[in-house]
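In the two complexes below, subunit A is the common chain; its partner is subunit B in one and subunit C in the other.
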Partner chain A sequence: MKFTITREKLQEGLVAVAASVPTKTTLPVLSNILVEAVPDGIRLSGTDLDIAVSTLVPAEVDAEGAVTLPAKKLVEIVRELPSAAVRLTAASEQRVSLECGRSRFKLLGIPRDEFPSFPPVRFENAWTAASGDLQKLIGHVAFAASTEESRPILNGVLWELRKDQMRMVATNGHRLARMDVPASGGRQAADFIVPPKALEQIRRLFGAADEIQIAKSENHLGFRSGQTYVYTRLIEGPYPNYEQVIPRDNDRVAVVDKQALAATLRRVGVVASDQTHRVRLAFSGGTLKFTVSTPDLGEANDEMAASYDGEPLEIGFNANYLLEILKFMPTDDVRITMKAPERAATLEPSGWDDPASYLCLVMPLRLVD
Partner chain B sequence: MARIRILPDAVADQIAAGEVVERPASVVKELVENALDAGASDVLVELGGGGRTRIRVTDDGAGMDREDAVLAVDRHATSKIRQAADLIGVATYGFRGEALPAIASISHFTVETTPRGTPEDGTRLAVKGGRLEDVGSASRQPGTTVTVERLFFNTPARRKFLRAARTETRAAVEAVTVLALARLDVAFRLESDGRVLLDAPQAADIRERVRQLFGAEVADQLIEVHWRAGPLSVAGLVQRPADASPTGRRAYLFVNGRPFRDPFLIRAAEAGFRGAIAPGARPTVLLALALPGDQVDVNVHPAKLEVRFRDRFFVERTVEAAVRSALRPLAAAAVIGGGLGELGGQAARGADVSPGTAGTAVPLSFFAPEAGSPLVATAPRRPLLQVFDTFVLAETPDGVAIIDQHSAHERVLYERAMAELQRGDAPAQRLLLPLTVRLAPDELDAVDAHRTELARVGYAVEPFGGDAVILHTVPNPHPRFDAGRCFQELASDLARGRFGEAHTRLERFAATFACRAAVKAGDRLEPAELQELLERLFACNLPPHDVHGRPTIVQLPRAEIERRFRRG
Partner chain C sequence: MPAPASRILQVDADAFYVQVARLTDPPGAGKAELLLVGGSPTGRGVVTSASYPARRFGVRSGMPMAQALRLCPDAMVVGVPRGACSERSRAIVRVLERFTPVVEPASIDEMYLDLSGTETLYRQEPLDATARRIRAAVWQDTEIAVSIGGGTNRLVAKLAAGRAKPHQTPAADGVVVVPPGEEAAFLATFDLADIPGVGPRFQDRLAALGLRTVADALPHDRDALRRWLGATAGDWLYHRIRGVGATAVQHRAHAKSLSRDETFARDLDDDDALRRELLRLSDRAAADLRRHRYRVRTITVRIRDADFRDRRASRTLARPVSADRAIADVALALLARLRKARRVPARLLSVGLSQLVTTDDVEQTVLFPDAVADHLESDRDRRLSKALDDLRERFGRDAVDRGG
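Entry: the complex of A and B
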């Protein structure tokens, strides 16, 4: 194997792939990047067995072949190289030399046979989606997925592809996020449960203007745009029936200023002792009152204006859940709907000038008087 | 010293009467107490044949003149009280005027004594079976030697009850040990048939005394107690919970310098260990109480082995609180490399307990008088470092604290669960998608039986038919918490009676919940999580010990590190 490549192109390819290389692994070859010299350039690939990323960068290939090289060292070396042509030569699979200007490196590789092969995903009948739409969905929904091992399905993000729209939903059973974006393309309906880690790669790798092709094999999903591919394991469904738990008859509606709500929650939250950060909200007339009381620590009271004309209502929440959701709300005002202290509340953008629709849901905490 | 007088009958009748001398050890106890009352600073006890053939106690105390020496062997002859009112807050070990006549009546008894100040005035006095045989002159240093030979020679029935010489010797050593613990300012030595069994020069503090009497290993396992509540102060040493075992413990109690027995008070001291010690483990405790003389009656037991407190409940509560407070500071954490003396001492010395506080004349100073920092467990300073994804290292004022993340979190959650179980106000997160959990039949029973406790920590459980239950709310104590898994493990533990030995049902439940809800060994924690864990740990009542009596913190003293590097 022998090829010449600009430092910039090599750097670009490595940056794309390196993030998929695990920092800690028991399988040494996974710390390496697979470098394949093919007729139209070099293909760089990395994987942690759950997710794989692969990209092709242009290079002048003199002799085809493949080696795997330690990702961390390779990235560090290339980062420090001067802006000049880089020449890579593999005398054998294990002995690789890298030259750039007057710098020379000898690197030890691991035979490519040990590198796991990628899932066979065929892109012939692929779905397509605008990268910008996907980024928007991922950016507003993925945060809500669970990390509990006992409910692996909730560790994933549900992605529904429909004829004229795409939707993502994620929940940890305490709070939920859902977003719809209209999408043209008359595609075939499909549901996937995707690990958030994979979605993060997609958000990172593809430009907002790109068109992404999506294809499925047995239990893997492949994403492709240009010469860059992402493969991920899918989580086995079915996803719980979330529609059923999204309240439709919440008749108490408040509209509040997002910044003010977040600031007040943070302020009173200082006195909340434990991770649950219990805060009691009392909606009544034009005001929203906050109470936090923690045995052995103290109490905090605060209030702010809110447009609310329903029956007075007191409801408890984990302040962290509210704060987290507020971070993702795209508008200055948020619309909160409620029914009763033990029922789910929803938060939505208020006056959002966007074709997408966004809804978050949060379950209350039990209040003890 | 005051002159000896015979107590009037009216006074003598008010003194707890009964058998004074049961065995050689009783004789040793009475004679050593007399030596201490006489202001001795050096006491030598010599035994022959386990005390059967001979007991001799030599002191360098005030001594007696001839007239007093003759009176001393009469019943109710004492220099220590004059009237019944003197019994209140009596500061001497003796007050009955009973011991010498009782001993002299059942042995061949000899006193040689020389008063301080008039060294030419030595007296020798011999009594056999209570009959004065001889009074003459003797020449010796100021002080007193009492020799008791052929104990029980005229009471064969009592003699028959004596145990093997070894056993009697052990009891005599114990009698001296107790008094040596009470009086650090006096040098004690005990020889049995020429062999030295106890040798304790004056000690600077109680830890040094313990080292002399029981060895360095025992001394290093003890942590200091300093506590005061109203008129009562408690000082002493208790064993680190992790070092306590079901056997071999020692328990000593003193009030105003006087040893006494009180199993209930020992129980109260043990209660201070609750939730921090392995079930069945018995910690060593040495506690000295000081309180005004009118609050405690020492005249209730013929051999003065027991006392009566005016407000017993208060005393028990205070002792429990004293022990608990001692387990709290970082100094109570286990130490690598020994040499705890300095570390424990400096970190946890209270200024509270000084010998004079309760107005007693029996000097009792367990600790050197200089004051130290108050009893607080300060959270270690940064930086924090997680190692093996299991332990947290932190710098403390005296060294490096090594913290077990699971045990520490368990302690935090245990104390919180106990509070929540009592208040019933744990934050319970309602679930969007209720969790269905399948359980084995015995687990279902256990869940049924603990429904109230489960609800109080945040699990609202409802039967779901068959072998399943449904959870509508769950606790959410930390971001890594896995409610479903915790519940399953909890059900299994409750069904299998894990932690079954814990004290009460609530403690058992809280311990089980804490164990299952805590972060595990192997969880990699973020720096902010490490910081928060330590802050919460040090806000606990008993940071250094976990619920099972294992340490949560092990200290690596700076001195030990320096020693290893041969620095200074």
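Entry: the complex of A and C
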């Protein structure tokens, strides 16, 4: 294998795939990037067995071939190289040399045979989605997925494809995010549960204007745009019936300034319990009062203006859940709906001029008597 | 300036249950030299504590009462005066708190005190002089004799307290303080089995390596101990035998764990009968738990087989629970595991709850209560337990029980 490539193109390709390389692994070859010299350039691939990323960058190939090289070291070397042509030659995986200007490196690789093959996803029957739509869905929903291992299904994001819209839903069992975007394309209805890590790669790697091709094998999805591919394992369902827990009769509605709400929550949250982050909110007339009281620590009180004309209501929340949701709210004002102190509350953008619809839900903290 | 050495004391009441039993019943137990405290109405329980003269007959705590009586037939047997014991124990803690705010009750008859930083307060009084004053004050206020050990950490303090007991070490006068720097020399006078945490199985492993006393183990370097015992146990032992023990004394008003156990009138071998006993214990422990406004994360079931082999199994939950059903479900699964491993008649069962949390009485409500895998208790379970607690509060402990 022998090829020449600009330092910039090599770095571009490495950055694209390096994020899929696991930092810790029991299988040494997974710490490596597969470098394949093919007629029209260099294909770089990385995987952690759950997701895989592969991209093609232009290069002048003198001799085709393939080898795997340690991802971390390769990225570090290329980052420090001068801006010049990089020449890589490999007689075998034991003798890989990389030259750039007057710099010379010798690297030890692992044979390409040990590198796992990609899932057998066929793109012949692929359907398409606008990258911009996917980015929007992922950017507003993926944060809500669970990171605990106790319920693997909640570690995924539910992606519902329908004839005229796409929806994503994620929850950790305490809070939930859901977004719909209208989408044409006449695709078949399908539901997938996708690891957020894969969605993050899709959001990162594809441009907003790209058209993404998506195809499915038995238990994998493949995403492709241009010469870049993302593959991901699917989490097996069923996803819990989230529709059932989204309240429809929340009759107490407040509209509050997002920045002011976030600032106040952060402020009083300082003395909230490290475990529960409990903040008590009291809606009454035009004010929203905040109370925090933590044994062995202290108390805080604060208030802000809110447009609210329902019956007075006191409700406890994990301040961090609210703050996190507020970060993703696209409008200056947020609409909060509630029913009772132990019932789910919802947060939505207020006055959002967008064809998408967005809803977050958060379960309150209950006082145990 | 180097930080001054820590000043830790351990206060240990001598044959505490015996002392309290005598104070509670001066004409009876108070006069009996050979006194055994413990047992059950049927005479099948174990000795909770034996008076020192009775111990000379070979009676030990934890021994079946019947066996103790064979060794020491003239002994008088009285039940454990539970209420009085807790009361005296609290009284001792109150006395100790006059000397330092950092008092950690380790059990009903053992307390740790941290006097670090009190040098100026006590006008540079040596630690053993302070310990003597504490011992006198406890006696004065509670009529309980205690032994006090002192040193730069808990391990040394505990071992010193053992050496301070007048009934165990000739010439001991109730206080032994190990000066800073002499920990290793002090430790070298013990057997490995004396070190808290070195249980029978660990002793066997050590004995197989030819290690019985601390002095046997001292010449071996850390790497050797790690190689022989594994990294964790090797490091642990390496430090302990040099008198290093880092755990801080914590002021703790709360219990660390609670448990309920039962020694059966006759050994039980029937799975259903054992399950019924376990449910009873688990419900009681759960009620205790709720009365103290705790929830629990770690549930332990201990079984003592007829041949006195103790076995235990425990499970730590992701989320704390407090309802009868949740705790019983875990306990039953643990019992099944223990019985599967060894199915012989059992003489004792115990349900222990540890990793207790208060979580300032706040609870996160959940979206999919029935679906959460580790969500062992539902709202319904909690309401049911609360209803039972209320009933027992009004009509007494035995007002409601599980159906057969």
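Convention: the second predicted complex is superposed on the first by the 367 of 369 C-alpha atoms of A that agree within 3 Å, B and C clash if a C-alpha of one lies under 4 Å from a C-alpha of the other, contacts with A are read in each partner's own complex, and residues count from 1 in each chain.
The rule is simple: a residue touches a chain if its C-beta (ideal position, glycine included) is under 8 Å from a C-beta of that chain, and two chains touch if they have at least 3 such contacts.
Worth saying up front: this structure is predicted, and the values here are computed from it rather than measured.
Visitor: Record, for the superposition on subunit A, whether partners subunit B and subunit C clash or fit.
Guide: Subunit B and subunit C clash in the superposed model.
Visitor: With both complexes overlaid on chain A, does A:174 touch subunit B (first), subunit C (second), both or neither?
Guide: Once the two structures are laid over each other on A, A:174 reaches both partners.
Visitor: Please work out whether A:245 is in contact with subunit B alone, subunit C alone, both, or neither, and reply first, second, both or neither.
Guide: both
Visitor: Let me test your reading of the model: by the given contact rule, A:344 touches which partner, first (subunit B), second (subunit C), both or neither?
Guide: Both: A:344 reaches subunit B and subunit C.
Visitor: Just subunit B (first), just subunit C (second), both, or neither: which does A:147 touch?
Guide: first
Visitor: Touching A:294, do we find subunit B (first), subunit C (second), both, or neither?
Guide: In the superposition, A:294 touches subunit C alone.
Visitor: Take the contacts of subunit A with subunit B and those with subunit C, and give the residues found in both.
Guide: Looking at subunit A, the two contact sets intersect at 148, 150-151, 171, 173-174, 176, 240, 242, 245, 275-276, 278, 295, 316, 318, 342, 344, 361, 363-366, 368.
Visitor: Mind pulling up the subunit C residues that touch subunit A in the complex?
Guide: Going by the criterion above, the answer is residues 318, 358-368, 371-374.
Visitor: Which residues of subunit A touch subunit B in their complex?
Guide: Residues of subunit A touching subunit B: 147-151, 171, 173-176, 240, 242, 245, 274-276, 278, 295-296, 316, 318, 342, 344, 361, 363-366, 368.
Visitor: With touch defined as at the start, can you tell me which subunit B residues reach subunit A in the complex?
Guide: 416, 419, 423-425, 427-433, 435, 458, 460, 473, 475-485, 488
Visitor: Which stretch or stretches of subunit A touch subunit C in the complex?
Guide: The contact residues of subunit A facing subunit C are 148, 150-151, 171, 173-174, 176, 240-242, 245, 273, 275-276, 278, 294-295, 316, 318, 342, 344, 361, 363-368.
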